[in-house]
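Each of the two complexes below includes chain A, the first together with chain B, the second together with chain C.
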Partner chain A sequence: MEFGPILRSLLRNKTGALLIALQIMVTLTVIVNAIYIIQERSQHMTKPSGLDEANITHILSIGYGESFNAEATTDNDLRVLRGMTGVADATVINAIPVSSSGSSNGYMVEPGRLELAVMAAQYRSDDHAISTMGLELIAGENFSPNEIVRHEPGTARTDTSVIVTRAMAEALYPDDAAETTIGRIFYAADDTALQIKGIVERLQVPWPSADFAENSVIYPEIELDGGNYYLVRHEPGYRDENLPRVEETLAAQNDTRVLRENQTFEQTRTITFIPDNAMTSILSIVVSILMFITGLGIVGLAVFTINRRRRQIGTRRALGAGHIQILRYFLVENFVISTVGVIFGAIMTVALNMFLVNNFDLAPLQWYFVPAGMAVLLVLGQLAVVGPAWRASRMSPATATRNI
Partner chain B sequence: MLQMTNIGKTFLTGQVQTKALDQINLEVDEGEFVTITGPSGCGKTTFLNIAGLLENATAGQYLLDGEDVSRLGDRQRAKLRNQKIGFIFQSFNLMPDLNLFDNVDVPLRYRGLGRGERHQRIEEALTNVGLWSRRKHLPAQLSGGQQQRVAIARALAGSPRFLLADEPTGNLDSKTAAGVMSLLHEINAKGTTIIMVTHDPVLAQNSRRNIDILDGQIRDDARRNTAAVA
Partner chain C sequence: MFFYYIKLALLSYRRNPVLSSLMVLAIAVGIGAFMVVYTLTYIMGGDPIPQKSDQLYHIQFDYGDPAISAFEPPPQLTYRDAMAMLEAPFDYPRTATSRFSEAIEPPSRNIAPFFANGRGALSDFFTMFDVPFLYGGPWGAESDSNGEQVVVLSRDMNDRLFGGENSVGKNLDLGGLVFTIVGVLDEWQPIPKFYDLNNGQFNVSEEVYVPWHLIASQELRRSGNTNCWAPPEGDDFQAFLNAECAWIQYWVQLPDQNAFNEYQSFLNSYVEEQRAFGRMRVPVDKRLFNVIEWMEEQEALPNEIKVLTVLAGLLLAVCLLNTVGLLLAKFLGKSAELGVRQALGANKSSLMIQHTIETGVLGTIGGLLGLGFAVLGMEGVKILLSGDIPLDWLGIDMTMAMTTVGLAIISGVFAGLYPIWRTSRINPAIHLKTQ
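Let's turn to the complex of A and B:
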């Protein structure tokens, strides 16, 4: 192995090699952080909501005018929706999971200890919420119909029973298994006492990138403020057929309201993640272009140095180098350059990630991204140089005696 | 040691066939100092390339130490070049980014010798040409004559069966050239066979044996009893 002479030769002829090492350093820094951001976004986008997503649709009903009766309309809408062919169940709710819009609150195990508050989304719905969303009740009980409160705007909240997610129970009582927290009382930020009646396995909050993405509390309340989301779970195979019928049916019940957002849960997801999808697409393109340019740079340098050293290669062949030794020379040379690039690139990668963590609320990079990125660029370098190096290795030893 | 029978070399350029060498019959014995002369384009360099296993003949048989090397594969030819032949080029062909030590080391590494043996051979070869003290220098820091001495050291370090020199004094002034020729004669006097291509009629006249090539064929193969050192 000619590692020593190659290193010494590179040190005496630095410019081209340094430029490539610099390019590799920048590429590693950008691609590792970009891929990490892509992966983090993808995790948000694919995180399960806990809902029976394939069969759920929702529609927003907003009443207007003095004659609009929120309570009567809600009761009638729910009765009609639940009676539709192909509808498994329907409920009214204040916010749609993964939709980017909803309300949150801080919750404590002791009243007044706001500094220890656990953040969670608050959903207000009825005893059909679990069935409609297709949630898995892992402990306790569902609400009974007679404990559902009709809540007029502006009235104070009262102590009540709630259903929480497993993640919420574990956040409130980290030392206990979630199933053992049934019956315990915790407090909302306004010191309202809330008793855990049931626990569901999972129900995502409306904001997928929130760091409390699975902390949810369901209140047995129907808000009578004129604006209702209706969640509808359809029997398998009925969703697409029923989607327009839901709007037509509700529109026929009442002409003092507008209906909007009649969409499937899949559409809700797509709309919510438009910015994330755009960002991951742009970052993927940037990563691909950077990798391509770096590959081209390495090929370019290899072709340039090989053309510049044709006589040297011929001389080496004359002095006894076989094809493999010439090929190995350029592969080792590229490995040395790439190694310098990836070592400095690793340092820059961590530095950029620290900057992003401090300024853009990004989670710290998982350690294995750095060595994985280094390995990918080392392999890219070897792949890029193997073509020119192979052609060099086929050069005739008689090149040594030609005037070139 | 070196025996060529009916060696020919034809180049094909498009539809045109060019005979660079035709019916070359030649024997070189161990310890000889042979000069090859002839006008430009007569086939001297092609002869040297074939003798040095840098390219294959298209006709004839070439025996090296009794072994037929006419049809060997690239790997075997590379191995034979490395072990049996030392090359000295007109333009020295040193690696500009390597110091003298590393330059002489190049063929020894290809032979797969151990670090200690390589060091010993390099020291001996550079000492023989008077440049051991400058082993850390780069070729560009030396004069033309000194660079050619390094090339000679590189050729000798592998203890080859014979040296092939392609116009070794072609890029040197007459005084420096005389020094290099003196060194080559010393090496020959110690038993190393040398085949040297040259344009210089004085060098040719002073060698024990001169082969004159014209149009790819041997025109004259003259042997003399004594040789003067140029």
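Let's turn to the complex of A and C:
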């Protein structure tokens, strides 16, 4: 191998090599951090909600005026929705998971101990909640129909049984298996006692980026403040056909209310993740542009340095160097330059990551992203240089040594 | 001479089209990407009310419960404190304000009833924030204190309900109550929506505005962020109003330093007084924030955009490093030509001027192309963000377009500094000999 001559030649002509190394260094810094952010975002975008997402739609109904009877309307709406062809089940609920809008509360295993509070989303729904959302009940049982409370706004709430998620049970009782917590009593911030009646495997809160993303509590309660969501699970294949019919059917039942947000769960998910989606798309474009520009830069400088060294190449060829040796010379040269670039790049990558972590609440980089990025850039360098180097190695000794 | 050098620069471009195009492309891509991100920062993080941003102050109190760790003081006010602030003996313009959502039954039976986003505010709101009126004007201060049912419509809402005609004096059925229309706004959409950063800083402005006291007295359907750190002592609406629940934005206009000092000492003594009742036990560093400080405190500019700005800056750096390398290659490739020119009497400074102009020309071409990329990129960003918030305010204006091209020229010339310096040190004799 011609390491010695390559190094000496590089040291005599530092600028070009230095520029390439710097470029590789900055490129590594950006792409590793960008890909890490992309990967982190995608993870939280694909986190399962626990719902049977493909078949669910929801609609918001808000009553107005003196004559609006919330209780009668809700009962009638639910009866009509459940009777529709192609509808598997329907329920009424105060908030939609993953929709960014809902309400949360702190819960404690001992009353009044606010410092122990575990945050969780509160869902208020009826005995059809589990079946409509398609949740998996892993312990205990569902609400019975006669347990469901009709809550008038402005009246006191009483102690009740609730269904919680596995994550919530584990957060309240970290030392016990979730399944064993059935029947235990915990407390809301206003000291209402809540007894765990059932546990579901998973149900996301409305805010996917919350640090309590799977802590949910379902109350057996229909809120009679006039504004409620209906969640509808359709039989497979019926969702799109049924979506407009849900709104038409409800509109026909009662005209002293406004219907809004008649949409599929998938649309809700898309809307919630617009910023994350935009961020990952922009970052992917940045990464591709950088790889492209850096690749072009390496090609451009390789062509240039090879043209400048035509005579040296010719001389080496005349002295008996084969195609492969010329090719190898430039590949090794690029490898040396790139290695310097990625080593400094690795240091800068970690530095930038620390900066982002300290200033913008990002999670620290996992270590394997750095070597992976280094390897990718080393390969990119070799690929960029192989074309010009190949042409150089094809040069006949005669043309190469002839004067220009 | 200048035009001759420009001609030379264009000739030189044609002589080395691939290398030159690579440079132009590198500058264009770097500048284009950087400008897209920079424009986002410039628009989203800009001063939404430059003529007054240092006079308008938002109040922050020492809210929370020391027992709950990691509880950030809610940025809004409780009803009790907002009322106390309103009763303070000052003449400075001030407003308590919060959102609601109520059904509108349109005067025309052809339009189905719908829910409108509303804002409760005091009459000072409109003058403090320089809200433009198309018809009529704000309600008077007496309407605030008397709880009169008066309403100001946004321009869009007036178009929707009255086909854009002057509706002042007409009635509007809102939330089952009859309101008299006193004014219609012109287009008004501050970016970011600085007066309410807690409910989506890029959300659409509200469609109807009513005296704020009506939210409590008529129990309008409140909407928007509500943050409680103690459960209400009771279940009715009055208990909620008395509770430690923050849901009101409170702004005061303090014209000078004296006013600021006076108001600040008033706030300090108010907090002391409340502490005696066992309230306000989580100290804050600062209680009065002007618009810019408030935007920083509330992180109105999303972190995502800041991260992107850092990354786009580095992307631009890579593109410039690339250009430096390619320029070096190009200029050193011209050594023989430079040797001839020097032998014919050109001095170093004229060679340097020639090459500076050449890099300037490359920068200009790169900048124009980069502007194209930036415009396309902006459209792309709009597509990515569409569906959530209105985006007509996103775009590249004249200032940004000029900045783009200017920055590209500067970058081109900057990238050329080292290569030009190297070129000017070439010894003509050597290059003439090898001819």
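What we mean here is this: the second predicted complex is superposed on the first by the 395 of 404 C-alpha atoms of A that agree within 3 Å, B and C clash if a C-alpha of one lies under 4 Å from a C-alpha of the other, contacts with A are read in each partner's own complex, and residues count from 1 in each chain.
Just so it is clear, a contact is a pair of C-beta atoms (placed from the backbone, for glycine too) under 8 Å apart; a residue touches a chain by one contact, two chains touch by 3 or more.
Please read all numbers here as calculations on a predicted model, not as lab measurements.
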Which partner does A:80 reach: the first (chain B), the second (chain C), both, or neither?
neither
Go through the superposed model and pick first if A:319 touches only chain B, second if only chain C, both, or neither.
first
Taking the superposition as given, does A:311 touch the first partner, chain B, the second, chain C, both, or neither?
first
Is A:137 in contact with chain B, with chain C, with both, or with neither (first, second, both, neither)?
neither
Of chain B and chain C, which one touches more residues of chain A?
C
After superposition on the shared chain, which partner residues are touched by A:9: those of chain B (first), chain C (second), both, or neither?
first
Residue by residue on chain A, keep only those touching chain B in one complex and chain C in the other, then list them.
none
Going by the contact rule at the top, pick out the chain A residues touching chain B in the complex.
2, 4-5, 8-9, 12-13, 311-312, 315-323, 325, 396-398, 400-401
Across the complex, what residues on chain C touch chain A?
19, 22, 25-26, 29-30, 33, 65, 67-69, 102-103, 112-115, 175-176, 221, 230-232, 235-237, 302-304, 306-308, 310-312, 314-315, 317-319, 321-322, 324-326, 328-329, 332-333, 381, 384-385, 387-388, 418, 422, 434
Across the complex, what residues on chain B touch chain A?
45, 48-49, 52-55, 74-75, 78-79, 81-83, 87, 89, 91, 93, 95, 97-99, 102, 105-107, 109-111, 138, 154, 166
Within the complex, chain C is touched by chain A residues 15-16, 19-20, 22-23, 26-27, 29-30, 33-34, 37, 62, 64-66, 106, 114-115, 117, 154-157, 188-191, 227, 258, 260, 270-271, 274-275, 277-279, 281-283, 285-286, 289-290, 293-294, 296-297, 300-301, 303-305, 307-308, 352, 355-356, 359-362, 403
